[in-house]
Amino acid sequence: MSKLRLATLWLDGCSGCHMSLLDTDERLLELAAQMDIVYSPLVDTKQFPERVDVVCIEGAVSTEEDEARLRLVRQRSGLLIAMGDCAVTGNVPAMRNPLGAEAMLRAVYRESPVLAPQIPIEDLPRLHGHALPLHRFVPVDLFIPGCPPAADTLFAALAALIAGTADGLRLDTRFGA
Amino acid sequence: MSAPILTLTIDGRQVSGLASETVLQVAKENGIAIPTLCFLEGLSATGACRLCMVEIEGSPRLHPACVTPIQEGMTVTTDSKRLFGYRRAIVQLLFSERNHVCAVCVANGHCELQELARAFGIDHIAFPCRHPALEVDASHSRFVLDHNRCVLCTRCVRVCGEIEGAHTWDVKNRGIRIQIVADLDTPWGAAATCTGCGKCVHVCPTGALAEKGKSMAEMRQKRPFLPYLVANRAEERK
Amino acid sequence: MHREELAALAAEHQRHLDTFAHHIFVCAGLGCPGNEAIVAALRSEIAERQLQDRVLLRKAGCMGLCALGPIVLIQPGEIAYHTVSPDDAAEIVASLDREPVARLRLAPDLPFFARQHKNVLALSGRIDPEEIRDYIAAGGYAALCTALATMRPVDIVRCIQESGLRGRGGAGYPTGLKWATVAKAPGDKKYVICNGDEGDPGAFMDRSILESTPHAVLEGMIIAAYAVGASQGYIYVRAEYPLAIKRLRLAIREAERRNLLGHAICGLGFDFTLQLRLGAGAFVCGEETALIESIEGRRGIPRPRPPYPAEKGLWSSPTLINNVETYANIPRIVERGPAWFSALGTERSKGTKVFALTGKIRHAGLVEVPMGMNLREIIFDIGGGIPDGHAFKAVQTGGPSGGCIPAEFLDTPVSYESLNELGSIMGSGGMIVIDETSSMIDVVRYFMEFCMEESCGKCVPCRVGTAQVHRLLTRFLEHRATAADLAMLEDLCDLMKHASLCGLGQSAPNPVLSTLRYFRQEYLDRIVPAEPATEEQA
Amino acid sequence: MPAQESIESPPEDTRWQLVDRTMQRLDHRPEALIETLHAAQDAFGYLDSATLARIASRLRLPPAKVLGVATFYNHFRLKPKGEHTLSVCTGTACHIKGNDRILAWMRERYCLAPGDTTQDNRLSLVEVRCVGACALAPVILTDGAITGKKSFAETTTIIREWLDDAP
């Protein structure tokens, strides 16, 4: 049996979910025996592969670039997992939503005391008005709430995927866990 | 004079209760848990959150257990696929209504809304969130009110009016624009009627009302004070 | 005032009226703006020709055909003029003893009038609503005096029960049964309330009745109070109806002056006082328990039921609440007997019903027809059909709590049951005709916005559900919805219908559900395929 | 605090007489609140904090309750109105007959949303939920006077003439 091809993607999040994934410590070896991490901020690949079995996505969708990457990844992935509260609910990045992108940029780059007040635009993806969870854009197959989800939770989810028992999986986690 | 004792069936079990009791009370006395949010023992029941809805045989409608008096021979179902679906939807509607960010909330881990979501296996919010722009009132020297986290259960309004007798809090506007309000829409710290007793803070099911200086997950409400206070007062009056 | 005195007063006033050869009635309702100028022009014309002793000029209530107002009615002769302007005054007065003014005259056999069956509206436009003697001369307050003198309360309750009258405010609860419950409820103090908080946007039956025959409503209430044993009553009227309020105030004062209200009414041992309360713009106050909260001076938040107002209502006392049209039906039922009333209408929906016919319809206005008349007769025969060559698409009944009925059901006889079966409701009587130029989704979103703004905010399914459904409907309207949105829309409607606290939330999904039933294709046509569209960006 | 001030020194405004009379008529019972708010708005045009505070104190009601009631009902205004008021009926018949276009036009031409008043305090725009003259739809009210059965173009002309905003 070929190994499960796993990708992870980092959108608007703090990388805490990826850290939690690393916190599975020695169990990473167990996982590595049965899956290949083919794309991830943790590995070197630059291009998202044409096809992966599973993608775990951390972070909310906050920019045009986030959205484009998410849509591409959805097309190329069998199973899409929203990993952590930012991907599941918008969480902390979504706290700017009541304000809107423009007002937030103004507050941060112009109205707060900085040396050269200007809103950076060059080479930066344009912000969406709202930071939103993944399922507002593409279908999501599994939600793993938590900020971040505990290493045990992530391990349980991946182990279930490998074992083929992910359907109707109920994880011991909650928003803000 | 005591009320007559009635017998009824809840979830297939024969139980009995006083005629003056509600379905919720009798269920609780018999160890049958019905989810609630706006209800709090010691305060008047309002039937607002609709989480405690139950099915009653012979009635096409659903009935909020917290305000439905028991009747002789009634057959109550407190849990069904349908009720479960409605309860899940209601909790998700509440999450979608305002800006609930559990990860940074003072009540994280001690929040009734968060716990309801966990209990119902809600792993995401199906409805788009509304992201209203709401204020945080930090004008009080010891407490803070964050409208972003308020679920409008009105426990604070009721405890302030019914128990403390100050009636500092009420509800302004209507529909989706309702908000908890102090005095004449006065900043809490300037509300002349507030005694600063803090009862409202300790009945809040979420982190909307909290003690100042508490950080993430540090706000633990003292819940049991209320039934104790009510019982004690009744005793003193005798 | 005893029965004999009442009869004497009626006869005396009738003799006075009979001294005039001509009676000119000018519609002075809210729906006929400009009527003051017409009255003034007619008055000066009459004065100029020194006809004051021969011609009686009256400001009357609504004659129904608002689309062609202002209407002027000349009696005897039943000559009705339409779209009258002050410039027509001279010609009208000059024609009084001659041929009617042909260019202004409505055809005497116009189906709009000929096909109606007026009962509640029988005196509308034919008496001066600010003159109690007009009402008395037309037989008013006779039912009250007779009832008080010759009937026991229990007889009246039975009479209403036998008549089959059902509440005209919306749900169609049997009126007699409600009265019987209040009458039987234990308690020394009971109340009678008239719900005049006509909140359905697009309905004006109650406004018109209050403006045209306020005394009929008072008489119905006093009879009701006697029947259920109430000593105090309230009329709750929308503040948006200034003319109705003015005329009610006057009517209450006049009735008090003539001992038809107050202590020992009609010289018998029955006391009843009546107060007016103004609403302040809240649709939810049409809900009985919210209305009670409002009269008690609070936010109009519905209370959980039970207990029902009949057992525990205003100030926790047994309380009877009926709407304006229901009370206006009472005097005639008492006067003519239940059999007369129940002979009209269908098996389970008795009597006549007043409808406000508006929207894309030629003869917009107020009509009264027997229950059981079919929609086609009401809309096409009486209402004159759709103007400007457009086609009928749907008729909306019951307002924000009702539904949209498509053309294939135009031959349905109108009754509480038949409209329910079609997924709509009778409601208070609003009938809004929609032609093919309107999108049903726009109409439905309009109603959902209304419910969202009128929701009291107490219970979660209604407060948040209306907002979510409104957002979904906007997505459909803007061609941005997905198949998942359609499923979510249906789920939310189901939740609101079953889990909301009061009638407002429970019925708010009705316009959506009825259009999903009859105009589903309009929703499907607006669905974009595949993945969810980008969320709206702030 | 404004509430305190107004209780200590009741304004010697004769307009209060009407309001006081309403409270007296109902024995200063709590149920008098809505009637009193009506009377106060009739007298002062709107309900400011000092007015609400005084009513609360006279009727011995918690201030929060008075505010809750005043903000629940559409009819009560907590902000002053402009010299003139344009009310646009948004009942169902008026909606079907296109009054939403009038509201959009008001927004475009005068930058007014329902509930707003112009900067110079000249004009307030109000949305009314059905005045009950549905057969005249679409209906607008210029300072309370009803106009109906007019096309979009005719209505905008009427509004502009009424405001001396020559078309």
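Going by the order they are written in, the chains are A, B, C and D; count residues from 1 in each one.
In this section, a residue touches a chain if its C-beta (ideal position, glycine included) is under 8 Å from a C-beta of that chain, and two chains touch if they have at least 3 such contacts.
What you see is a predicted model; the values in this text were computed from it and never measured.
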{"item": "Partner chains shared by subunit A and subunit C (touch criterion as defined above)", "value": "B"}
{"item": "Interface with the most contact pairs, given as the two chains involved", "value": "C-D"}
{"item": "Distance from subunit D to subunit C - Cα centre to Cα centre, in angstrom", "value": "25"}
{"item": "Subunit B and subunit D: spacing of chain centres that average the CA atoms, whole Å", "value": "35"}
{"item": "Computed distance of Cα centres, subunit D from subunit A, in Å", "value": "50"}
{"item": "Inter-chain centre distance, subunit B versus subunit C - centres from mean C-alpha coordinates, in Å", "value": "39"}
{"item": "Multi-partner residues of subunit C (each touching 2 or more other chains)", "value": "282, 299, 454, 456, 535, 538"}
{"item": "Overlap residues in subunit A, where contacts from two or more other chains coincide", "value": "97, 130, 135-136"}
{"item": "Residues within subunit B bordering two or more other chains", "value": "128, 131, 171, 173-174"}
{"item": "Residue numbers on subunit B that touch subunit C, as the complex places them", "value": "46-50, 53, 61-62, 64, 67-69, 86, 89-90, 93-94, 96-97, 126-128, 130-131, 152, 171, 173-178"}
{"item": "Footprint of subunit B on subunit C - complex, ascending", "value": "282, 284, 299, 304, 306, 452-461, 463-468, 471, 488, 491-492, 495, 498-501, 535, 538"}
{"item": "In the complex with subunit B, residue positions of subunit A that touch it", "value": "82, 85, 88-92, 94-95, 97-99, 130, 133, 135-136, 140, 143-145, 147, 170-171, 174-176"}
{"item": "Subunit C contact footprint on subunit D (complex, rising order)", "value": "29-35, 37-38, 65, 68-69, 72-76, 90-93, 95-97, 128-137, 145-149"}
{"item": "Of subunit C, residues touching subunit D in the complex", "value": "30-31, 33, 66-67, 69, 198-204, 207-208, 239-241, 277-283, 294-300, 356-360, 364-366, 396, 399, 430, 432, 434, 438, 443, 446-447, 450, 454, 456"}
